[in-house]
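My questions all concern the structure below.
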Amino acid sequence: MDYHFNFSYIWRHFDRLFYGLVLSLELALVSIAIGMIIGLLLALVYVESGKSIRFFVASYVELIRNSPLLLLVYLIFYGIPSIGWFQYSATTSFIVTLSIYSGAYLVEVFRSGLAAVPEGLIDAGKAIGMKPWQRLISIRIPTMFRIVLPALSNTYISLFKDTSIASVIAVPELMYGAQWINFNTFRIIEVYTVITPMYLVTGYVILLSLRQVEKKFAINK
Amino acid sequence: MEAALSSLPYLMDGLLVTLQVTLLVVVFATIIGVILGVGISYGPLWLRIIVRIFSDFIRGIPVLVLIFFVYYGLPAIGINMETFTAAVVALSIFKISHVIENTRGAIQSVHHGQMEAGKAIGLKFHERLIYIIFPIALRRFLPPWINSVADTAKGSALVSLIGVVDLMLAMQKVIGRTYEAMPVYIVGLIIYFIINFSLSLSSRKLEAKYAFIKE
Amino acid sequence: MSHPLIQVKNLYKSFGDTEVLKGVSIDINRGEVVSIIGPSGSGKTTLLRCINVLTKYDKGSIKIDNVEIGYTSDDGKNRKERSENQLSEFRSELGMVFQLFYLFPHLTALENVMLGLRKVRKLSKVKATDQAKYWLQRVGLTEKINSLPSEMSGGQQQRVGIARAVAMDPKVLLLDEITSALDPELVGEVLEVVQKLVEDGMTMIIVTHEMSFAKDVSNRIVFMDEGKIEIDGTPSEIFDSKNERLNTFLARIKK
């Protein structure tokens, strides 16, 4: 093995990695936020609707969940503009893709979360004369969030790792930064030696912080 | 649209490669993962720690990093592989960590009380393993395992990025020739969907069928 | 040859820092039905589980038919623990029924009872099936022989548990609070089965909270408290006893 380690190249361009990491975290955050809105709305629609609407929601969920993320990224970034619908930046298109992607997973999370709200709580609301939408807003949704907190943290960490795919459409997140340094300095091993702990440590820190939040708020059955 | 449809044979070749990659990964990773999963459940402490660290490490990084590292990074320290081999190796490593978790969960789901009932009627350790643990653990293992096969099929799309001509890359090439992006993407979407959806359905059916084990 | 079937001498057992059995001695003779009662934590379940070494005992001796079960000798510093495989020989001669039944969930009632007969007693499939069917019929579950545990009530599952233990033709049956996890209306059907076995002459050690049942079927009742046997006597001796701890315990139960 006559490879000579030289980390100086990495440190010289470290800002690409650092800001790339920040962008990855932001992409994941925005996507999960939009995804939660999509997921929650569709979950509510699903729960309250009849067979035909349920079929459409289920179709969206199944279609997205059974497709590779990479394909969805390409489809939205290259495919949609090609039939003249939109033009948008890589970053925007990736956020759209990841939001739709996470939304599909979150529909199931929220649906089962809503189902897990104890009947007794809802009955208590009925007993004091709350109307259905009041029970929804004040009882069912808040309780559901506490129940699904662990699943939400896992989803966020998962999305954070998935942002690495944005590199293929040149979004300057962490993976792309690594690729850039790679192609310009050929310091492959050093790059991976640096970004691997960056992913690991960031993921772990997020996990720990969310655990703390869970301890305060989550309901554990 | 016609251009897309006439390229169907080429896409099918790509699909074949996708299936080959998926199959190889599933076979390797399952065998090794189950062995390690059993090891982590019954083995000595040092083994459990090593496997744990390995598992957490692999699952903490994006699959893409792993794939690129195996293909681009390893040659720098002298390990060279073809694209196909690198793809299978990287994806296998990734899947092994999931199979280990899956196996561990399945084994531990066998209630210690049922083990004791086995002891009480005089069954020896290997007999308890064969007649009690294995049947129950297998039924707990299968549904998540089928899901992970589907995940592997989806993850295999990433190997197109190191040049393996799978369905994903085949699609790209067709689009490069015909300039009809959307129809090709949609065809590809449908193919992936069919594969993964059937797997996901069987997993759910099995889970419902074996729900009685959850006692 | 008239040694007691089970001889427990000076048994000690600790879990971590807590000493649960503090020098327990008791003999059980063939054909006896002995009930063990006492508050939680008194060590009664631990004692039962030491007899078939599901829980390893630290000091003291337990002999089944004059042979030490947990170790290779009954005293001395050089005795070795028996291996799991050696223990399995002993355990096949003892039957245990558990509070939470622990039926094998992937097997039908018939298969649950047959497993020991086939793999431990090495009976042929035909013989094992016949014997299993016989015992399931004796506990009143003929219509359920092909049902899975998930398709049975708690009382039915427990009766399968009893059949599974008795079908092995054990020297003694160890019953560990077998009705404590059952809904009240299901307790009767299980106690009926135990009654039948008593009438057949089965030797039994019953850990239970069911006082009236214990009084009805037992030759002896043993009261344990804080890791020791307080009193050991006939049912009438026990319930007429002046022992303070016993009467406090009985009073609390009656509530």
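To keep things simple, chains are lettered A, B and C as they appear, and every chain counts its residues starting from 1.
Assume contacts are C-beta pairs under 8 Å (C-beta built on N, C-alpha and C of every residue); 3 or more make two chains touch, one makes a residue touch a chain.
All of these numbers come straight from a predicted model, not from anything done at the bench.
A.B. asks: Tell me which chains count as touching both subunit B and subunit C.
C.D. replies: none
A.B. asks: By mean C-alpha position, what chain is farthest away from subunit B?
C.D. replies: Farthest by centroid: C.
A.B. asks: Take the average of all CA coordinates in subunit B, do the same for subunit C, and state the distance between these two points in whole angstrom.
C.D. replies: 46
A.B. asks: Subunit A to subunit B: how many Å between their CA centres?
C.D. replies: Computed value for the inter-centroid distance: 21 Å.
A.B. asks: When the C-alpha atoms of subunit A and subunit C are each averaged to a single point, how far apart are the two points in Å?
C.D. replies: 54
A.B. asks: Which residues of subunit B touch subunit C once you look at their complex with the stated criterion?
C.D. replies: So the residues of subunit B touching subunit C come out as 111, 113-114, 116-125, 127, 131-132, 135-136, 139, 212-213, 215.
A.B. asks: Sort out for me which residues of subunit B touch subunit A in the complex.
C.D. replies: It comes out as residues 57, 60-65, 68-69, 72-73, 76-78, 150, 154-158, 160-161, 168, 171-172, 175, 179-182, 185-186, 188-189, 192-193, 195-197, 200.
A.B. asks: What does subunit A use to touch subunit B in their complex?
C.D. replies: Residues of subunit A touching subunit B: 1, 3, 62-63, 65-71, 74-75, 78-80, 82-83, 161-162, 164-165, 167-168, 175, 178-179, 182, 188-189, 192, 195-196, 199-200, 203-204.
A.B. asks: Okay, in this complex, where on subunit C does subunit B touch?
C.D. replies: 52, 54, 84-85, 87-96, 98, 100, 102-106, 115-116, 119-120, 148-151, 161, 164-165, 168
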